[in-house]
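Two complexes come next, and they have one chain in common, subunit A, joined by subunit B in the first and subunit C in the second.
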Partner chain A sequence: MSYVKSLQCKECQSEYELKPLTVCDNDFGPLEVAYDYEAMKGKVTRESIEAGPRSLWRYKDLLPIEGEPKAGLNSGFTPFIKADRLAAELGVKELYIKDDSANYPSYSYKDRVVAVALTKAIEFDFDTVGCASTGNLAHSVAAHAAAAGLRACVMIPHDLEEGKIVATLSFGPRMFKIKGNYDDVNRLCSQIADKYNWAIVNVNLRPYYTEGAKTHGFEIAEQMGWRLPKHTVSPVAGGTILPKIWKAYQEFITLGIVEDNKPKIYGAQADGCNPVVTALREDQELFHPQKPNTIAKSIAIGNPADGYYVIKVIKESGGFGESASDQEILDAVKLLGRTQGIFTEPAGGTTLACAIKLIQSGRIPRDESICVCITGNGLKTVEVMQGQFAANPTINAKMSEFDELVKQMEETHPSQSPATTA
Partner chain B sequence: MADTVIVRIPTALRPQVGDQESLDVAGSTVGDVLSSLNGDYPEFGKRLYKSENEINRFINIYVNDEDIRFMENLQTPLKAGDEVSIVPAIAGG
Partner chain C sequence: MAKITNKSWLTFEGGRQNEPCLWKMATRFPGVTFDIRQASVQKDIGIMAVLFEGEEDEVKAAHEFLKEQGVRVDPVEGGSNVAG
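Now for the complex of A and B:
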């Protein structure tokens, strides 16, 4: 059975039927799925969740689907890592990485939202699914659509990284490259959704789609041993994931699944696209849109539709926002790779770089638990790393040349040089 | 009568303007055009405005594909034939 009650306007609480609707007729406020938490009490428990599959569908009772899941059966339940080497480097006591760069099938947090959205698209009888995307969402929609036998139409800015484009095309979608930035693509998509009977996951399925992002937060809580990190640092692009991680924490608290440790949540953006962080710094309720200019293209959204709620949730929690320069982002990508063996995209570098700045400025205390949300994979954006590593000379297959190179590397790569043979 | 601009209405607001996809409206600024629409279609206005001088934060207004917040907001000047689009904010990434 499903615990879903209705769609509800986040502003005026007007209720709507569970249909492909996006905004409230009265005030254009976003619609959100409402659940019957009373009915869940005693039934949705640690034990009921632990008995579920090792995927995001173990949280099915807290997701807005009617029947059985029909997409993303292997999505979610990504690694949660106690990052001790990184913690030592940063001088903090307890640091975790929630690693959605290893999500299935398309290596980003988007596999969560798409698993839910495509299940709903099938429930609503759509044969075509689509999205406006900075790359990761398009990749995920195309992958899940191929597996589910749906037609995919993905709309992206024309200048995305090659890795994202090739990986997406391999799933056979119709790809529409649009001149302009994500915000231009997004606006076009809302007009497309008005005209074509497609399930555009982040437009007409948005209330369902966004619920999938909660599973990132549920997993953090479960994998931490049914408790919440005191401080969670999340990237902010369109503004979906951060309020949904927060909602996940609050739902678990409401259901008595975790203790309320008064968690705080923090938003990370790139200096070249930081409308939400700017609003937080200036203590504004509303953000002013920006024209993005950053290497972190996955999060280059200058007019975040849910930015208002990101600001609200961060303020309520007592958290804050931070932004990072392109070089700080690249340095953080390398740091995460070097200390933990995780290769993230610049969006992940942004989140870590901002977490570091929040620690250094004292906003996040060094002796409390911290979780950094890594939402995408570096293999899709390899071109940004060009020039970031020392050149590696090629040698002939001769022992003498090898010995010489080992000696050189001991000088240039002291921390990474192989141990010399006995 | 001043020259007119074209105002594109999103699906969600069409019932409030007699099911029209677009309207020709006279006015020299975005604010003029929208208050003229508000006068003709008060139900439309109720949804468009948060307060007298403030647009509902969940609605974005574009003039020829540029968000008015990058220009002069409601004071953004218009010339004949300009296209004003009213678009509900949507998420993504």
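Now for the complex of A and C:
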């Protein structure tokens, strides 16, 4: 049984049928999926969710599909880690990492939104799917489309990281490299969606696609023992995930699944692309579009489609925004790796770097629960880490040379040296 | 040339929010009608959702004119999915 009621304009609340629609006729406001929460009460419960599959589809009742899921059957339900070593380093009491760098099949949070969007694409009888992407979305669309037997046409900025391009091409999509930045690609995709009968997941399937991001928030709540972190730090790119984590928290509160502990949510951006954070710092509701210039390419979106709603949600929650320099981002990537064994991409480094700055500035208290949302995997962006680590010398296969290196290591890194006696 | 409707977001920055850019456009392109569906203006930025209607080349020329005035013109995503 589906609890979906309609598509509804986020501005004027006009209702629309469940079709591949994106904007309201009246005011061009974005459409969002509306549900019948009253009908869910007593039926969508902790128990009903726990009885579901160990994937994002355990939250199927809160997702906008009509029948059974048709894509991403193994996506979601990623690790949720109590990051005690990182917490000790930062001097905070209770710190968690929601780790979508381990998402399946393409190692980013995008597997959530694509699982829902491609299920809808199949429900709507599209045979071609596509996207405007900073890399992770193209990777995910190509992977899910290959598995579902759909044709994929992905549009990306021409200067993306090579790892993301190669990984995406391995799934056999048609890739269009566009001269310009993501915002130029997205603008073109709006026109493509108008002209071709393709399911551009983040354009004409956007209301459904974005709902998949809620599962990141649902999982945080469930994996934390059916409670909400007091503070959640999320990256902000196009503005999809942050408002949807918030919607997930609010839906669980509405259904009585978790207690309302008045959670706060915070947005993280790179200094080189921080339109939302700038607006928050200036206490504005609208943001000025920017031209991105940052190593965090997966979140380098200067004109975020849902940026307005990110600002609105952050203000409503009592949270704030922060941005980080490229070096702070790289340092945070290394810190997460060194303390927790998680290798994230610069977007994840951005989120952690901003969380650290929010803690240091006192915006986030050190004695309350904090969740940092890691949304992508470092293996896809290894080139940005070049030169970030000390050189490791090559030696001959001789014990004397090895002993000499261990001796040097003991002098420079005493805590990391292995026992020297058998 | 066929008549078209076009849904766009206009962003006014750098003082453009205090200038009658749309009036100038209307006087230059009388065959292009515009209908403001939503607007929000702050101290240093203004955003409008506008429905344009007219001959395709005239609507395009009107957009170019607005860009020359310093107005950012972005298509509404999925704009053709709605009537008009």
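Side notes on the structure shown:
Criterion: the second predicted complex is superposed on the first by the 417 of 422 C-alpha atoms of A that agree within 3 Å, B and C clash if a C-alpha of one lies under 4 Å from a C-alpha of the other, contacts with A are read in each partner's own complex, and residues count from 1 in each chain.
We adopt the following convention: contacts are C-beta pairs under 8 Å (C-beta built on N, C-alpha and C of every residue); 3 or more make two chains touch, one makes a residue touch a chain.
Because the structure is predicted, anything quoted here is derived from the model rather than measured.
With subunit A as the common reference, the superposed partners subunit B and subunit C clash. Legend: residue contacts after superposition of the two complexes on their common chain; A:Cys131 is shown touching subunit B, with no touch to subunit C.
Contact with neither subunit B nor subunit C is seen for A:Val277 once the two complexes are overlaid on the shared chain.
In the superposition on chain A, A:Lys110 makes contact with subunit B only, while subunit C stays out of contact range. In the superposition on chain A, A:Ala305 contacts both subunit B and subunit C.
In the superposed model, A:Pro289 lies in contact with both subunit B and subunit C.
More residues of subunit A lie in contact with B than with the other chain of the pair subunit B and subunit C. Of the two partner chains placed around the shared chain by superposition, subunit C is the only one that A:Pro20 touches, whereas subunit B remains out of contact. By the touch criterion defined above, A:Asp184 lies against subunit B but remains apart from subunit C after alignment on the C-alpha atoms of chain A.
Once the two complexes are laid over each other on the shared chain, residue contacts for A:Phe28 go to subunit B and to subunit C alike. By the touch criterion stated above, A:Val203 is placed in contact with subunit B and with subunit C alike. Overlap of the subunit B and subunit C contact sets on subunit A: residues 11, 22-23, 25-29, 186-187, 190-191, 194, 203, 206, 286, 288-289, 303, 305. Those residues of subunit C lying in contact with subunit A across their complex are 7, 9, 11, 13, 37-38, 40, 42, 44-47, 49, 51, 72, 74-84. Interface residues of subunit B facing subunit A in the complex, by the touch rule stated above, are 10-12, 47, 56-60, 62, 65, 67, 69-70, 85, 87-93. Taken together, the subunit A residues at the contact with subunit B in this complex read 11, 22-23, 25-30, 110, 131-134, 136-137, 182-184, 186-187, 189-191, 194, 202-203, 206, 210, 237-240, 286, 288-289, 291, 298-299, 301, 303-306, 308.
By the touch criterion given at the top, residues 11, 19-29, 186-187, 190-191, 193-194, 203-204, 206, 284-289, 303, 305 of subunit A touch subunit C in their complex.
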